[in-house]
Amino acid sequence: MDASNSYGHSQGEQRMSLINRLTGAFGVGALSALGLAGAALAQDAESTIVAGDTAWMLTSTVLVTLMAVPAIGLFYGGLVRSKNMLSVLTQTFGIFALGCLVWLLWGYSLAFTSNASEATNAFIGGFDQFFLKMSTPDAASPVLSNIPDYVFICFQMTFAALTASLIVGGFAERIKYSGLLAFTVLWITLVYVPIAHIVWGGGFLFADGALDFAGGTVVHINAGIAALVGAIIVGKRVGYGKDAMPPHSLTMTMIGASLLWVGWFGFNAGSAGAANGTAGLAMVTTFAATAAAALAWHFAEWLIKGHPSLLGLVSGAIAGLVAVTPAAGFVGPMGAIILGLIAGVLCFFACTGLKNALKYDDSLDVFGVHGVGGIIGALGTAIFAAASLGGVKGDDYDMMAQLMIQLKSVGFTLVYGGVVSAVLFIIVKVLFGVRVKEDAEREGLDITTHGERAYNM
Amino acid sequence: MDASNSYGHSQGEQRMSLINRLTGAFGVGALSALGLAGAALAQDAESTIVAGDTAWMLTSTVLVTLMAVPAIGLFYGGLVRSKNMLSVLTQTFGIFALGCLVWLLWGYSLAFTSNASEATNAFIGGFDQFFLKMSTPDAASPVLSNIPDYVFICFQMTFAALTASLIVGGFAERIKYSGLLAFTVLWITLVYVPIAHIVWGGGFLFADGALDFAGGTVVHINAGIAALVGAIIVGKRVGYGKDAMPPHSLTMTMIGASLLWVGWFGFNAGSAGAANGTAGLAMVTTFAATAAAALAWHFAEWLIKGHPSLLGLVSGAIAGLVAVTPAAGFVGPMGAIILGLIAGVLCFFACTGLKNALKYDDSLDVFGVHGVGGIIGALGTAIFAAASLGGVKGDDYDMMAQLMIQLKSVGFTLVYGGVVSAVLFIIVKVLFGVRVKEDAEREGLDITTHGERAYNM
Amino acid sequence: MDASNSYGHSQGEQRMSLINRLTGAFGVGALSALGLAGAALAQDAESTIVAGDTAWMLTSTVLVTLMAVPAIGLFYGGLVRSKNMLSVLTQTFGIFALGCLVWLLWGYSLAFTSNASEATNAFIGGFDQFFLKMSTPDAASPVLSNIPDYVFICFQMTFAALTASLIVGGFAERIKYSGLLAFTVLWITLVYVPIAHIVWGGGFLFADGALDFAGGTVVHINAGIAALVGAIIVGKRVGYGKDAMPPHSLTMTMIGASLLWVGWFGFNAGSAGAANGTAGLAMVTTFAATAAAALAWHFAEWLIKGHPSLLGLVSGAIAGLVAVTPAAGFVGPMGAIILGLIAGVLCFFACTGLKNALKYDDSLDVFGVHGVGGIIGALGTAIFAAASLGGVKGDDYDMMAQLMIQLKSVGFTLVYGGVVSAVLFIIVKVLFGVRVKEDAEREGLDITTHGERAYNM
Amino acid sequence: MKLITAVIKPFKLDEVREALTALGVMGLTVTEVKGYGRQKGHTEIYRGAEYAISFVPKLKLEVAVKTELVDAVIEAIVSKAKTGQIGDGKIFVYPLDHVVRIRTGETDTEAL
Amino acid sequence: MKLITAVIKPFKLDEVREALTALGVMGLTVTEVKGYGRQKGHTEIYRGAEYAISFVPKLKLEVAVKTELVDAVIEAIVSKAKTGQIGDGKIFVYPLDHVVRIRTGETDTEAL
Amino acid sequence: MKLITAVIKPFKLDEVREALTALGVMGLTVTEVKGYGRQKGHTEIYRGAEYAISFVPKLKLEVAVKTELVDAVIEAIVSKAKTGQIGDGKIFVYPLDHVVRIRTGETDTEAL
């Protein structure tokens, strides 16, 4: 692998294969075709930027932003008690803003550029793009030559910042805000960025050929395990298991879940990197898996608990979205339906049975939905990607080999993410504290931390 | 008409004219030009997919999804009492998920492919695309050659699934959930799909030259008449006309109406099938009619009832959106304003006078807005499409002839949709029941059916 | 300057430079390249419409619509007492509808076409496009030749209608509805349209080379000063400074702010007029400034008031969005971060210190956020546009000269907008009244003006 | 004078109020309350968590009346608020020393 | 000891509370209620449906006081809550047997 | 018979209710109220505007009981609702003339 420092001209091969990954493995042919198309549209002889692809990637970036503000805040916020509503909204919005800055200042560079040393490059990128100092408006992205550099940077930024927001569900209603912000900066830098580099940016799992279309490992398993570790380290809510803690507004949760679904098309179909057939495939599989998982959870609950709840329906939808994320551009629509059915049922059991059995207080089931759903998706991708099961991986595809690679990805993410997150939580606990006082927790974080109330009706 | 079985290579002529319909009748020239443009961008010599058009159709599909989740649920849900909020949200979300699966498994095939027998093809499509078994990611849509097959399938899927959701407004606050889900599967299969085939997919009204740009008959009259029939068969709410049943949150209704407006650009401008001037026309007419209808209802209410209400304003907006749906790519902006003014005033009277006079309990005025608005739009399209009135239909356009065709479309949809929907409701009533017990209705469907409450403040 | 009447063929040079402005000053080369690209895609030999650019501009128009309905209504509405919620929602939605009609009927023509007389053309456009009578679906926009005419008209329409909505925050909870609607029609016609013409449509500040990428002066300073003048003329709310007037739902405010952020990408990146590198630049600067300003206000409040509030966080985000609006396509990402930090802190002081010191009741801080933020942005643009500070303005850029032009723009907008708005308010006060009766104000505008209540829980 | 308080099922409010007005009662005050008693609540399930909701929504009416009206008022409430099913609610009668109408300063029975 | 209950217009709360504090009243309890009386409600229209809303939002104050304070408290409430328009509300005085402060177990006047 | 009213901290409801049930109390009625007293509220800041919130959310319980149960009920409430910190609330005991069960027409102690 070429480890040249000259950003933008090196790493030809590696970038190529990243693009293959991102565009759903249609191979070098697709790329050069894109190049060709770009050429036809070129503003100058050298530009490879395609307006149609750029339009879709701009839109996709906006859609992922919608997931972060307001969708995840509403999905989570509706599930907490009204005295903590603003705390959740502040956390998710604040983390997203913070994540954007971290990404622009150093995160992008460390994730998506190449490190001078081949050995360290297996784990982390380089410093050349700190403060985006080498980008210009008219430059194409070195990673995706059919769109402008800034667009690719923004698109990936929304992933990083959103992922950090997802974690707060694990310890909602009790986390200390200053500690959380400190954790966020550290976690994006030391967990998200390396894993993004390892899986997408040219690191060792990327080299292994791990399949992760839009972030099953990088985003969901990663957020899920961090949330679980956080839930354990921060500890259970006062009154957990004793007091009733019903969602204060399932209406908000439904709005959030719906906007997550809507925005997720930017996530999944946007990860095609172009407005092409792979984007279409990612769209249809995203619809299929989500619809199937929503109904699977809903009906499982109806059967077992006696009521088909809205919360079950929308939780299932999120489980399906998570599971199809790594698979979206690799599996077919029928494979996606089956994947969704599996994810819906298994995540239902993870959130009801598993959590109660293990007695951790993952307030909003981040691990049960994102962690478990992400694992199902990562492994299911290896299976349903096979052409024989409707996927895009043709004759010479070795399902077992791929399954091993996927298992390795999952395992690595769980271990690396889990251990480093735990260390970071402990450091933050010492420096800032991670938990509010009991009195404050009882009165609610809205008044005690943020000095406001959500509703004055 | 060619009735060849070989999907994707047959029906050249018919598809051509569908595209003419979809792209606003700019004729074969437009198509071949698109083909040409596609060629310039081709990934391989044969591809006709245009990245810019694909970008817009991906976006449009996302926008229609926004109408289904969360918009229609919020628009409707805000209008019911808080004890039934979750039931409406669950119904609209659940129906959308179910509709997606029905479409992917068999709906698309029956609506948009060709049936081997020419006679039955006038009513229904073929089986070749069951489970989407002939689609691939790199294939262009046989219907719209400038975009990928999967994108066209998804775009049309959102129409089908959304239309089924619209119906629930007719019998909100009392419908039995299991019966509703069964009805949904049957109705999409036996009502929506045939009418979509008949009007858009090569059926007999399509052959007649019926104008329905984005679904005035297929979507709105169809949903409106099903809701009316349902309202009558299910019966009035307990306490209807006696107890106060004020909307529990007009804030939610306003959010829903706004997102419907936003999403409707995917519906209407997306029905151009491309990012071109016809999409621009559909966009400007959609703005014009909606703004005009919103203010028309608002001012009519101000004049007659003494108060300009928010509910009137947003109801008028929806009425305008419905009325402009069949017309969007055929009429001019000034024609759209007049169409909107008419729709705003007439739907206002339908929802206030007509409903009270006829004494049916169409809880959320699905017939008054979608049925009546759809009829106004279908007929108005024939009138304002004339070039002399600012539309796109030039010299040889015969307004009276077109009006007759439109009347036939409207009449057919009302009769076929009304009768089959009634039969389906009665079958479901026998098999599952269509109404909850009186006690449950009084306590609210949220707790009794879904086991949850919307708000715990 | 050519003052020919023949719309669409005149004003070559002027349009050219408008496009330079809109596309971020990449010069004539970019335009002809676009033209070239268009040619490759042409439906006929003469069309210059690019599908990819059109896709993005359609999307951008939809995004700005999202800002108007429902975002600004929710952002504002959440901040008022629940008895006035519907009044704010009705005002923002109604003004948007009204604004659309005004724009289509005469506003667009007066803003963006050329006036026969060169002298008056410095201030106002011509009448040729009244009722859009010269537009056709297949025509490219005379202003932006790469997209359809109707798309450009719609895109600009959403700016005009949204700007009028912004003003209502200044006198929320007491304004008389009929007076407000009358004011809206007059204000768009006599304030917005002339300033849009002067800055963007070929008027004198345009000729001076004023930089306003997406509406710092035209939209934000303009709305801010009108709101301030209105707040003073309408007078303080009953009980202002004595009774508690806490926001009734910060949840709604957060949804509104989030959707404003999301929609603002249509505003800013859409103002590139194409799906190109300038759009990418506008996107990255919009993220950067918003994130920085949100955190700046948040931390300033934490430091000074002791609590990091959600309202501060989202208010900061809006301040950042406002400040980066004129700058988006001219400055670099790091310049945008600094601009955001400045805007966040200064707007915080404007809304807390300044307002209390001057004792006007600008209910929702329209002046403090849009006025002050707009001024910071307009001046900051001149500074951070310099290539030496990361912007796009190269070697021969004269920062001081540009700063003078920007100051002139700001001063002109404040004076012209302030004076004419004041005159209009006074005229409307005489003809319709601008304020409800004290009893009605106490009972709330929802019941007394609109005959409804927002919540019946 | 007495204060009569009645806890009733919410959907019975309008009927009861009409019956009281017919008796000449000029005013009353209503509060949303939650009742606990023989009437069972229900169970709500949110993902894994089940909550037994033992409180049932009720309305509490307060009516101050002349002593001679007490029996008629009780009878009216019983007849209108009764469904015959558990949870119909209860009526409580309290002694009441004074009443003052704020607007006029009138007192006691004049103030009712 | 007596319990004084007052139904007042919501926007008068702060003034009344201040006047009571000035009299040495240490605590009170407030409930949101809906009142029916001489004061008319309003009509709401939602599409075709018109609803006459006859209940008006009010606040109910409860203040337990030593008997000797009763008159002063009534006077204070009347003077502050009065606007002179229909719907100003009413004051009710009830006998009160005992009071206990939960925190300390203190009883009766010590507990007020 | 007596009516016992208790203003308590909201999170103490379940404990108190269980203790009362253990004493044989068959029903009670709960109202959300806002209390003003020795317990301080808090300050909220919304942009420039600061509001001192002096009312604290409380729950008010109403329990009608036979006279002989009064002391036991008071004791139960005190023991369960007490945290020892300011704002634990108060118990008030009132005379109660009559009780009627709407469903059956039973009266007084039979109706409890």
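For clarity, chains are labelled A, B, C, D, E and F in written order, and residue numbers in each chain start from 1.
Keep this in mind: contacts are C-beta pairs under 8 Å (C-beta built on N, C-alpha and C of every residue); 3 or more make two chains touch, one makes a residue touch a chain.
Because the structure is predicted, anything quoted here is derived from the model rather than measured.
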Query raised in the report: In the chain contact graph, what is the shortest path length, in steps, from chain B to chain F?
Result: 2
Query raised in the report: Where the contacts of chain A and chain C overlap, which chains show up?
Result: B, F
Query raised in the report: Which of the two pairs, C-E or B-E, is linked by more C-beta contacts?
Result: B-E
Report task. Using mean C-alpha positions as chain centres, tell me how far chain B is from chain C in Å, no decimals. Result -> 33
Report task. Could you tell me the distance, in whole angstrom, between the mean C-alpha positions of chain A and chain F? Result -> 48
Query raised in the report: Rounded to the nearest whole Å, what is the centre-to-centre distance of chain D and chain E, using the mean of the C-alpha atoms as each centre?
Result: 18
Report summary line: Residues of chain C that touch two or more other chains sit at 40, 50-53, 55-56, 59, 246-247, 249, 255, 275, 305, 307, 309, 311, 451-453, 455, 457
Report task. Identify all positions of chain D at which a residue touches two or more other chains, and write them in rising order. Result -> 31, 44-46, 94-95
Query raised in the report: Which chains touch, pair by pair?
Result: A-B, A-C, A-D, A-F, B-C, B-D, B-E, C-E, C-F, D-E, D-F, E-F
Query raised in the report: What residues of chain F sit close enough to touch chain D in their complex?
Result: 3, 17, 26-31, 64, 94-103, 105, 111
Report summary line: Contacts from chain C onto chain F in the complex sit at residues 79, 244-247, 301, 305, 307, 309, 311-312, 315, 351-353, 355-356, 365
Report summary line: In the complex, the residues of chain D that touch chain B are 11, 14, 42-46
**Report entry** chain C-facing residues of chain F, complex
**Finding:** 44-49, 51, 53
Query raised in the report: Within the complex, which stretch of chain F touches chain E?
Result: 2, 6-8, 31-38, 54-55, 58, 60, 74, 77-78, 81-95
